[in-house]
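Look for chain A in each of the two complexes below; its partner is chain B in the first and chain C in the second.
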Partner chain A sequence: MRPLTDDETKTMFEKLSKYIGENIKLLVDRPDGTYCFRLHNDRVYYISEKILKLATNISREKLVSVGTCFGKFTKTQKFRLHITALDYLAPYAKFKVWVKPGAEQSFLYGNHVLKSGLGRITENTAQYQGVVVYSMADVPLGFGVAAKSTQECRRVDPMSIVVFHQADIGEYIRSEDTLT
Partner chain B sequence: MAACSIEDVLAKAEKDEAEKLKSITVHKELDLEFDLGNLFAFDKNPPDTREFRQKNKEDFLCSLARDNTQLLINEIWKLPTERVDEVIVAKLPEPTTRLPREKPAPKPRPPTKWEEFAKLKGIQKKKKTNLVWDDVHKEWRRRWGYKRANDDTKEWLIEVPESVDPNEDQFAKRIKAKKERVAKNELNRLRNIARAQKIKVPGVGLAPTPTDQPSKSELGKAVQVAKVSTASVGKFQDRLPKEKAPKNTGKKRKFQPLIGDFSTEKQKQLDILKVMDSKKPRLDITKAVNKQMREEDMESGSKRKKGSGKKRRKGNFSGKKGKGFGSTAKSGKNRKPRMKQGKR
Partner chain C sequence: MGRKLDPTNKVKRGPGRKARKQKGAETELAKFLADEETGPKRLSSRARKRAAKRSQASNQHKEEAETEQTKKGFTDENSEWLKPAKRKRPVDESEGEDDSDTEWEEEEDLEEEEGAEMEQGDGDEDEDDDDDDDEMVDDYGAMEDSSEGEEDDGEAGSDGEELLPIERAARKQKKLQEAMEQDSEEEEDEEEEEEESGDEHADEDDTVQANIDEVDRFKLPGAEEREKEGLLPIDLKSIYQRIKDNVDVLSNFASKREEGKERAEYLSLLKKDLCTYYSYNTFLIEKLLDIFPVSELIDFLEANEIQRPVTIRTNTLKTRRRDLAQALINRGVNLDPLGKWSKVGLVIFDSSVPIGATPEYLAGHYMLQGASSLLPVMALSPQEGESVLDMSSAPGGKTTYMAQLMRNTGVIVANDASADRLKSVVGNIHRLGVTNTVICNYDGRQFPKVMGGFDRVLLDAPCSGTGVISKDPAVKTSKDEADIQRSAHLQKELILSAIDSLNAESATGGYLVYCTCSIMVEENEWVVDYALKKRNVKLVPTGLDFGKEGFTRFKERRFHPSLRLTRRFYPHSHNMDGFFVAKLKKFSNTVPTTPAGQTAEEDKVPAETETPAPSKESPTKPESKMAAGMYLEHYLDSIENLPFELQRNFQLMRDLDQRTEDLKGQIDSLAREYTANARTLSSEQKLSLLRQIQQSYSKCKEFGDDKVQLAMQTYEMVDKHIRRLDTDLARFEADLKEKQIESTDYDSTSSKGKKSESRGPKEKKVARTRSKVKNSDDDGSPKNGQKKVKLIHTGEFNAPSVNFGNVHPSDVLDMPVDPNEPTYCLCHQVSYGEMIGCDNTDCSIEWFHFACVGLTTKPRGKWYCPRCSQERKKK
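So, the complex of A and B:
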């Protein structure tokens, strides 16, 4: 486990800012205690200082997970968000998409969101903007990327994709063994 | 008749015998020249061309060679001989003829780098006298080597120059300088040898490669070495637009401590965020265009629904973030409420 380098921090923040914009500041600078990002096995964990100090007692090989896993760095040093980060993305999300109850299951199985399943979408969403996907009952289901801007969404036919799937809470079951 | 015949027969037999064992006396117009040291005879007599043409050519040459060899051997027998282990041995005199050498003459040593330079600049060697006057010992001494004149290695005291660190050992410095000069000279000597043999001289940059076409990695390495080979160790070296930073430059990665100063860490991250924020363009064109389109849509929508004010109650287009989400996916405002009603 180690702190992130400047380059890594920048890469991660750039990815996070696609979903929560400048709200990253609220993650970094929290009034309720010190939280930090730590890299372990190429994965980035968001940990409170208290937990971090406790975690130092566990050797590197034995430590599987600590705090909240935000995502991982690929071998080409790109950052991929994991579904575990949803708890921190959802409250600060700037652009949201609500899916109809009928389309919820399809999304949770890892499919893209089609226009027919789109309940609501935040006004002014640009194309390829990172969005958080909610159920109509405002339960965060996952996140993705807007395939169409809000304007275009109104005109496209019902079977076209409006949100590309990136992660959904179905992964907690589907990839239970790899999520940390 | 019989006696005559007997004499004839004897004479014939003798003649045959002589023919078989050819005489050791050979008659020549001009005497041969001998160089017994090289076992060498030179026949100056012109060959009998008529006989050469008439007779069998091989036989003629063979008999000529035999005669001359006979003369050479006669000459050897004239030398003092002695008997060594049942063998008669003649002592040959010194050779008199100078023979050409077997191998080609060696090429002159290729000039060293300095010699080339000196020739180019017209620098000539000046002969210095071997002995010079030694003021201390008041005598003539050799310029160099053991017991040389003005020997600076034997000084018991060295004045410390004003410009240098007074704690520096001047004796050690002098010895080190000498050793370095020797090493440099040796290196140059080896380089000159390598140059003369046309071997690639190892130096910085590209290592000597067995192939004419160095590989991509080798070239990359050479470029990297060349880049840092400046007075400022490549600090101010320009990069190509999309050139990547060199990998494996021998720099070790250094990370912050795991449990360090959390406030500075936080500050650093906030600084990164600030920089990222400032780099965002002030005017996002796609966003602006979308906004403009939305406003136009709204205007046209409100004109159409001027009459039906009842359905506008939900139309709250304030922000993109609000929980009210006045914004809808579909253009028709009336569709959403209908959907919702259907659900609940």
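So, the complex of A and C:
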């Protein structure tokens, strides 16, 4: 376990800012204690300093996970957000998409969101903007990238994709093994 | 509750399931207001509704209702079992309605059914809806109460409310049983029992009835009959019947037994039948027979055939139970709060969607978790800001429950030995939004070395899984003695390392909760008892107000009295998985040092006491007189052959003796010859003669060795019987004591304690006379040895208050010692624990127990015993 290098921090924050924008600073400066990012097995964990201290007792190969996993660095040093980060993305998300109850299931199986399943969308969402997907009951279901801007969404036919799927909570079942 | 899942039970019309559910509460209420029953009828709002409907109904219906009402007139216990039985046949068979549920009995229900019958279609559904609404309002009102303030349960005003439905049923049944016993109508009882335990055998009620009519006594099948049975295909129905009859006889042995048949015969047949009918292996059935009385055992086995209800736990980090319940109901899930003891649990009756894949589940609003696994966490009750260790956390249900109780503060270290299973922990923790955990993959036994100083530790030890047979029926046949021993050993190691990881000085904590999903005493009470001896811990109340008390004595084992504070949960009495929960508080961080010898003997004891599990041991204690007779009988049986065997051995020895004498004569003559002709003979001849003599001597020696061997064998034979007598005595004494306790008040524990103390020294000796027989030293002549046995025994009986120095009684207790092992020390006892040698080479005693000379560690330099040092001073 080690702190992130500058490069890594940069890549990760760039990725995060696609979804939560300047709210990143709320993650770093928290009123309830110091929190930090740590790299372990290519995965980035977001932990409070207090827990971090305790976790140092555990040897590297025996440590499985600590705090919340945000995502992982690929072999090509890109950062990929995991669904486990949703708890921190959802409250701070700048752009949101709500899906209709009928389309929930489809999204949770890993499909893109179609116009027909689109319930609501934040105004002024730009194309390729990172968005957090909610159910109509305001339960965060995952996140993705807007395929069309809000304006375009109004016009397109019902079967066209409006949000590209990136991660959804169905992964807790579908790919439990690869979460960490 | 489990029955609700049974597809054969489906109610096709009439009030819906939920309406029926509510009946439970109503009948409960009716029970408390039983006195008013004869008075003018009180009308609830629903009853009024129904009354309105009734007025529309035909006269015939009215009459029927009235007859029902008259039936209700029974005010005593009998009313409950009389009525359903009456009702069952006409109603059931004609309408194909739902069955024998005793809870839903009162006339209102019947009327309602009739009403629904009559109106059909629309009206029917209306009624249904109404009921549903009522139900929800009532229910969540209740839930609100419980979440707002648990203290004011006075409003509910009934202890019935606090019980689980299954417990209520159990209690009712128990009452019934008592009532039945007075009437000595066991058969009826049986029937009732069956009604409770499973509907699948409902059709067999008639056969039972027939059995009563015939007044046919249950006869034990003879050996040839049984053999025949082995050849024929197995008739499960008849076996089931036989089990029931057998249980009946066993629970009323004095009056119902067949002349000349022994309890052991009945028991062995019962065991065999249970093994076939429920497909267990003999080992497990025997173990279970030790734990449960026979009739309860049947309930237990029956409960293991039924799945426990699916329960979920609300994740209060993300949602509230009420919101979750609403969301799930909207998805077509039929659910109810789990019980008054849990604010977060919900029971799922049925569901149109997979409960483990709803969006709510994926969003982490709840966790699929057995009711029983909520208990250890509730017992642990972790506080905010503490550091907690979960030693075997997979799949994370308990870990996440702890996190939600701690509101994501403090630290939880979730450990598990299996890396594969940890993946589910990671998934669940992230899904439920728990952020305060460190997940690691150590063997729990290494733990205090990794980190210690935790405020609380939860040890959900790996176990044989005998409590969750309904989940994993493979346990029925796959377990044997070795498995139990193995897991018990692992559990002992784990519990010690769990205790060592605790910080006794913690301001808020220092608690360990030990739990298993096994019901074996070896894996539960025994392990806790072991921990109590080994570490500075004490048992504290678990804070769970239901469940059965742990055993303080089990067969020949006696545990610390505080084990009463532990809790056992059974599938048949609590409708949750079999479970054991113990809460320990560590009161000092120092690890008590134990003498080196003790650890070895501790490990030996289980094996020693386990192996001789005689089949005659019956869980339902027979009359003491009869027991005495039984023990005596068995003992006489076993001793019958002893004289002959002894005679044979002695004969052999005499033969050998004779041969040796002959040989000696030969040797003498040879020697004489040799000495006479020594001068004349050539050296070669001399050599051959000498060799001859030598050979004869070696033969003599062989004979002698054989003799010694024989003597030892004889000795062991006698010793075996003596030991058997001792164990029988001990067991009989325990039986007697139990009888005494049963007859006197149960809570006269002080006298009980004294009694066991007074029994202490004797038991010690009894135990000591066992074992180490194997490595008995053959310094003394074996024949002497035999006499010595008797001598020692008589000596002991003359002076029963031998002082063992200040050794803890439990240390020597059960320590088997050979009677002719040499004795040492000032106290003239055999060696045990650490010994010290006197450095005076002429010392008459040489070896001393540490305790007797007031030592705890080995002193430096020379050490002289008290006597020698006095003598030296004089010099």
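Everything that follows uses one rule, which is that the second predicted complex is superposed on the first by the 180 of 180 C-alpha atoms of A that agree within 3 Å, B and C clash if a C-alpha of one lies under 4 Å from a C-alpha of the other, contacts with A are read in each partner's own complex, and residues count from 1 in each chain.
Note that contacts are C-beta pairs under 8 Å (C-beta built on N, C-alpha and C of every residue); 3 or more make two chains touch, one makes a residue touch a chain.
Given the structure is predicted, the values throughout are model-derived calculations rather than measurements.
**Q** Fit or clash for chain B plus chain C once both are placed on chain A?
**A** fit
**Q** Just chain B (first), just chain C (second), both, or neither: which does A:95 touch?
**A** After superposing on A, A:95 lies in contact with chain B but is clear of chain C.
**Q** One more residue to check, A:77. First (chain B), second (chain C), both or neither?
**A** Neither partner.
**Q** Mind working out whether A:65 is in touch with chain B, chain C, both or neither, as first, second, both or neither?
**A** So A:65 only meets chain C here.
**Q** After superposition on the shared chain, which partner residues are touched by A:104: those of chain B (first), chain C (second), both, or neither?
**A** After superposing on A, A:104 lies in contact with chain C but is clear of chain B.
**Q** A:177 contacts which: chain B (first), chain C (second), both, neither?
**A** It touches chain C, and chain B stays clear.
**Q** Have a look at where A:10 lands relative to chain B and chain C in the superposition and call it first, second, both or neither.
**A** first
**Q** Once both structures sit on chain A, report the angle chain B, chain A, chain C from C-alpha centres, rounded to the nearest 10 degrees.
**A** 110
**Q** Report the partner of chain A that touches more of its residues: chain B or chain C.
**A** B
**Q** Just the number, please: smallest Cα separation between chain B and chain C in the overlaid arrangement, in Å.
**A** 11
**Q** Residues of chain A touching chain B in their complex?
**A** 1-3, 5-6, 9-10, 13-14, 17, 22, 24-25, 28-29, 34, 36-38, 49, 52-53, 56, 94-96, 98, 100-101, 115, 118-127, 136, 149-151, 153-155
**Q** Quick check on the complex: what are the chain B residues that touch chain A?
**A** Interface residues on chain B, with respect to chain A: 253, 255-260, 262, 265-266, 268-270, 272-273, 276-277, 284, 286-287, 290-291, 293-294, 297, 317, 319-321, 325-331, 336, 339, 343.
**Q** Help me check something: in the complex, which residues belonging to chain A touch chain C?
**A** Of all residues in chain A, those touching chain C are 48, 50-51, 54-55, 57-58, 62-69, 83-84, 87, 104-105, 108, 135, 137, 139-141, 169-170, 172-173, 176-177, 179-180.
**Q** Using the touch definition from the top, list the residues of chain C that touch chain A in their complex.
**A** So the residues of chain C in touch with chain A come to 327, 356-357, 359-360, 362-365, 387, 411, 413, 419, 422-427, 429-431, 433, 435-442, 450-451.
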